[in-house]
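Below is one structure; the comments refer to it alone.
Here the chain labels run A, B, C and D in written order, and each chain numbers its own residues starting at 1.
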């Protein structure tokens, strides 16, 4: 079997904003045999996308290849001229982007963009290209393959777009496909369809591919071999089977470790002393837009939600994007007034908006947001960010406040020295800890966590979850944990509520999640989470929850 | 016409004339009415001979020109009664005729009138020229004259000459060619008054002035207010051989450099007037001639004697020593001026007091005078405006001189718009601009008598008033001269008006344009150039 | 799609009416503040008090300002712009010719400057960071930085006074043939183009560069598209919204903002008309001119919005 | 891919390239001139020092003389006071009002935002020179009037700009957190919004400054402006523009002064340190 791709001692440098030059790929060797799919896995900043793009002779602005060679089908892309590179792209090597929603030009029809490769490279006459596109649509199991091409990108769903982007890549019959985290932006239920489509097409055509991902479970389904990257260097290479079952490198081990949540023993918690729930949501209906004559907003996001949350416990709220779970958090926090229903804390009904609530009520309930990047004011040093609630709720000042900030930083396991840094100088995990420390500074009783680990790398996220767990035990906090990631919820929550299209379809203890779900959507959602098992995807068709759920959706 | 029994021009009449033409805009554009002064023609550095040469040239017929004045607005009109800007006068002169007009050198001539007679200066008999027709073919009769004159007395017309027309009590038609004008009081200068641009004759019954139906040398072809006017030759014009041009276009270019550029690029053949500081660009340029008129026109610095600080003894005298006439003449007016001696009678006037010297620039003396007045070191406001020509530059000259002796004047430039009604005569220290008058009597009664309407400095002197009446009544030329001499000395020493220089008017024209003669009525041949000029290749 | 546009147009027209009302109100009372009485100014100082009073009455000046404002507004509703105080002609007549001139100049300038600005802006974005890009940026910065009266005066000196290629004045009367038209408009158009195009070039470049940084442009690059294709087919259609908006803002300058150019080239447009009206306190004329500027500004913005919607299928097909 | 960069210099991103530094230097130069003008002018600004006019550059008069024979060097130096001073005062006022209102509109929203936006939009549609003319015709021309007029003209643009930025920042989670915490409007604006829009606002401030310098010279060209014998640069150009045809320094020098100031502000803005240029990174 020949080698379609041979990367030897690849080195890439990047220029930082301040003009400093950093080597981001430090001598990577890599090869892909004909018909083989190799996964590049690693956290953000590991250089996996950079390597993948060199296969197309492309580096992002500010980056430059400084050494080594990237041989694709016998030719080195590093030494190619611009014209040669253009000829290579789309015909020899094709690219499937991370977010198809962003990678499709919003002002052109899908068909125009799918057949563009054929047009640019004069591969075939346009009508023929269109015909071929429709065949690809069929092969990728897209609905209405004859007409879907006439639509504009915003008119089709994310999962369909991702498959369409594969069609766009396949139209030029490339020898190599480069997948750049193609399913990261998708909901788990959608992810399955896309992965299946990719896998079957690749297998059918016997194409070679590079699959870039941070998700080991996903990669395990599709890759023959896995390359583990960290800091621009290859850590470990092996078949998917070996990497998952017998990792040798410590980083790989950590990755796999992070994948297996410790699980949660509900009985380890003390029984709630108070009979009264700390939070009681009843008949909550809310949405956006002008309020109509029926008293309901134009776009109803939440419909008649009932929830109870016991003190010292954690409730997970799961659902895919658009299910209304974040809106639920915003209504509880008083950021969005409810159209109907009530939110009560410790038996006392809370005001609709923050301004209708007392400072004490506000203090007891804190919210922590998903993206630590936007949740922290980029122009304030960490110390000031954490200190503000101290001053605001507790009127602390001077040395007392300083000491408290130090204590809080310590509590979230961060060095005190960090207090003078700006958020942009922190890593993602550190930011999320600061984000959490700020909530803790209020000395809250209930914390609403809105997807707080979604943007983090697996290993980092696992550490944060561990921290949350510890703090809950130490401080007796109550969490409402909103996530689309079931394993996260499984790790920290006692109970889980499943949201679907603005309604709570089911609630159950976390321990019963895998086996006891009753609502078909819950079943589908739970079954769609990829397992760290190379045979999981192929075995799925036997899973009744999937087929039943798919049919429903 | 009987010129021998000329009565004294009354100050009141003149005030009405002046009032009639004085409006909120800059003085420069206004008619220089009834000027009696020296006229000179300067051209392209070589000068003088040209005027006489112009006479010698044989006029050629045909061609058309564009000429530019400096100001036009939507208030432009074809109604002579409402004419107020130079553009209006140019149009009126081209499209209409008057009963009389002032020719070169200020000589009164008949135009539509063949003859104007009086015995008592109260009842005047006017005989019209025969066979004059309007542009629409109608023959000129006394009905047209009476209609035109009566319009000025109709308040709804809003005539600029209403006050002046008031004295013409009745108009009697004798026949189609002869009529009588009855004045409320004798006035020997009626023929001169009738030469005003406002008293152009329009056809009987005309109410629509969007087109001009006159007897003039040109027919109105285009009239766009604030934009342009075009006249085409009136083939049936009653004056022989006139006009020479087939057509002319008159526009206004308010921006001085733009006006000069347009002339230099050949877009226009005549630009009037131009600023002295533009002369350097034009002097010696091939194909460009300058026409210069030095008149009794002046811009003066007025210190009101009834207000602080003018009421402090020595202040006004100090100002007269502080104003650097030489600098104003040379730097501000680029020598297009003659040094004046703080009184309004021009050097060309036969009554001009040659003994009276202008005060020399003497800052030290000024300083001691200011000290005496107790104002030294006080910041005193001087109101100036572009409305009075060169007043802003003069103000800075005074201010600078003040600064050097520790007298910080606060120069305040105010908008031209509304200057004459809001600041002139009113502010304690301000600038004015006065047009020429034919006699000292008019000047003094208008500007310096205790009851003078435009007593710029609020100069009040019983002795002066008596002398004015005495001179007016005296037929003894020598005695009059001596009285006027003394009055000039009094004004020069006592009044609060500082008159630094007499200023010249400069028109610029293409050397191809011939026949433009200086006229006492103002630039552009008293606004009547269109009828007389011709193009020479 | 049509319903959406109709709704948008209706909404914008409504806003426009409100804006116009605000401007009319503001202008009316600003003019009220101008010192000097209209009747007095019209009649000159020799006017007798009775004459002034008579004229004031005839012009409704003796009535309260607010009532006059309502009169004027009422007239406007019925399409009557009123009569000029200064010369008693229909304001509509006075404006018509001037507006035509202004529109002509604005039109020719647009024809000239928009393609140039687009080309320079797009090509500069295409070759971002190149010498060419720097040259364009130096050019635009210089143009933005030099007062327009300098540009205009220099142009006159060079082309009219020294070279005598072009007329110093732009009088759009009796034009015979395209050549003459070009000669007459050349200098004002060049001057104005300088003024309006700089901003357009900058905005075009910025908008195109913004879209060049998107994932779909990178995707196009990875499909093997040429730079030309990337810019023209992928970046430009998506940058159209902001570009058109910038153009609308720049072009709105061409009606009311050209007073300096009108002065220097003695071009009879509406801007000068309004300045005249201010000096003669000709309220109906001032009002109408202000309305014209306001309407043209709002119309341009509306057109820009419509173009942006037409260019964006997401908005178009909503 | 993000590259975190330790080290304090990089952290603040104050690094600026040569063009930006030159721009800053020229601006600084004019600022110093504006302040020091009365002490460094060789002659009094209104003094007629030469009987010739439009004089050439000479050892006595470094930049020649103007139409009255006044020293151009002194006039340009003093003109810097007015051009820089008025423009700076006006732009500061305009931006202060515009940015404050913009942030308030963005944070409060509700009816306040559209009403204010419409009103300012309407104001924006009046041509600026026209507005200047009307104002000066009605209340006369003084420094205060000029500054206020220009500020009124430029505040709507600043408002629009700041509002757009503030709306973006307002949507950020940290503002939501502040709101959830129960913070008031003033705190939110001052502490959460303003620090995050200050960079682009500064750039906008600079651009607006340039426009104001040009507007001021335009107003001077139409005859409005500071009181004689002082003159801002625009007025210097206007009063001496007759000498353009023979290239006298009297008109060239103030033109260059205007251009040098505006170009250098542009140069500075285009090359601002990254930290200021970026919205919130």
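The definition used in the following text is that a residue touches a chain if its C-beta (ideal position, glycine included) is under 8 Å from a C-beta of that chain, and two chains touch if they have at least 3 such contacts.
Treat the numbers as computed from the prediction; the structure is a model and nothing was measured.
Just to note, of A-D and B-D, the chains joined by more C-beta pairs in contact are A-D. The distance from the centre of chain A to the centre of chain D, with each centre set as the mean of the Cα atoms, comes to 46 Å. If you average the CA atoms of chain B and of chain D, the two centres end up 45 Å from each other.
Our note on geometry: chain B versus chain C, Cα centroid distance of 40 Å, whole angstroms. Centre-to-centre, using mean CA coordinates, chain C is 23 Å away from chain D. For chain B, the set of residues touching two or more other chains reads 257, 417. Residues of chain A in contact with two or more other chains: 60. Touching of two or more other chains is recorded for residues 35, 153, 157, 161, 263, 279 of chain C. Pairs of chains meeting the touch criterion: A-C, A-D, B-C, B-D, C-D. By the touch rule above, chain C contacts chain B in their complex via residues 35-36, 40-48, 50-51, 54-55, 58, 84, 86-87, 89, 94, 97-98, 153, 156-157, 160-161, 164, 167-169, 171, 173, 263-266, 268, 272-273, 276-277, 279-280, 282, 285. Of all residues in chain A, only 53, 56, 58, 60, 85-91, 94-95, 97, 99, 102-108, 116-117, 120-121, 152, 154-155, 168 touch chain C in the complex they form. Of all residues in chain D, only 1-7, 9-11, 13, 15, 172-174, 176-177, 179-183, 191-192, 195-196, 198, 274, 280-281 touch chain A in the complex they form. Contacts from chain B toward chain C in the complex involve residues 16, 19-24, 68, 73-77, 84, 155-156, 158, 160, 162-163, 210, 222, 224-228, 251-255, 257-258, 261-262, 264-268, 417-418, 420-422. Residues 256-257, 260, 275, 277-278, 280-281, 327, 330-332, 334, 384, 386, 392-393, 395-397, 399-400, 403-404, 411-417 of chain B touch chain D in their complex.
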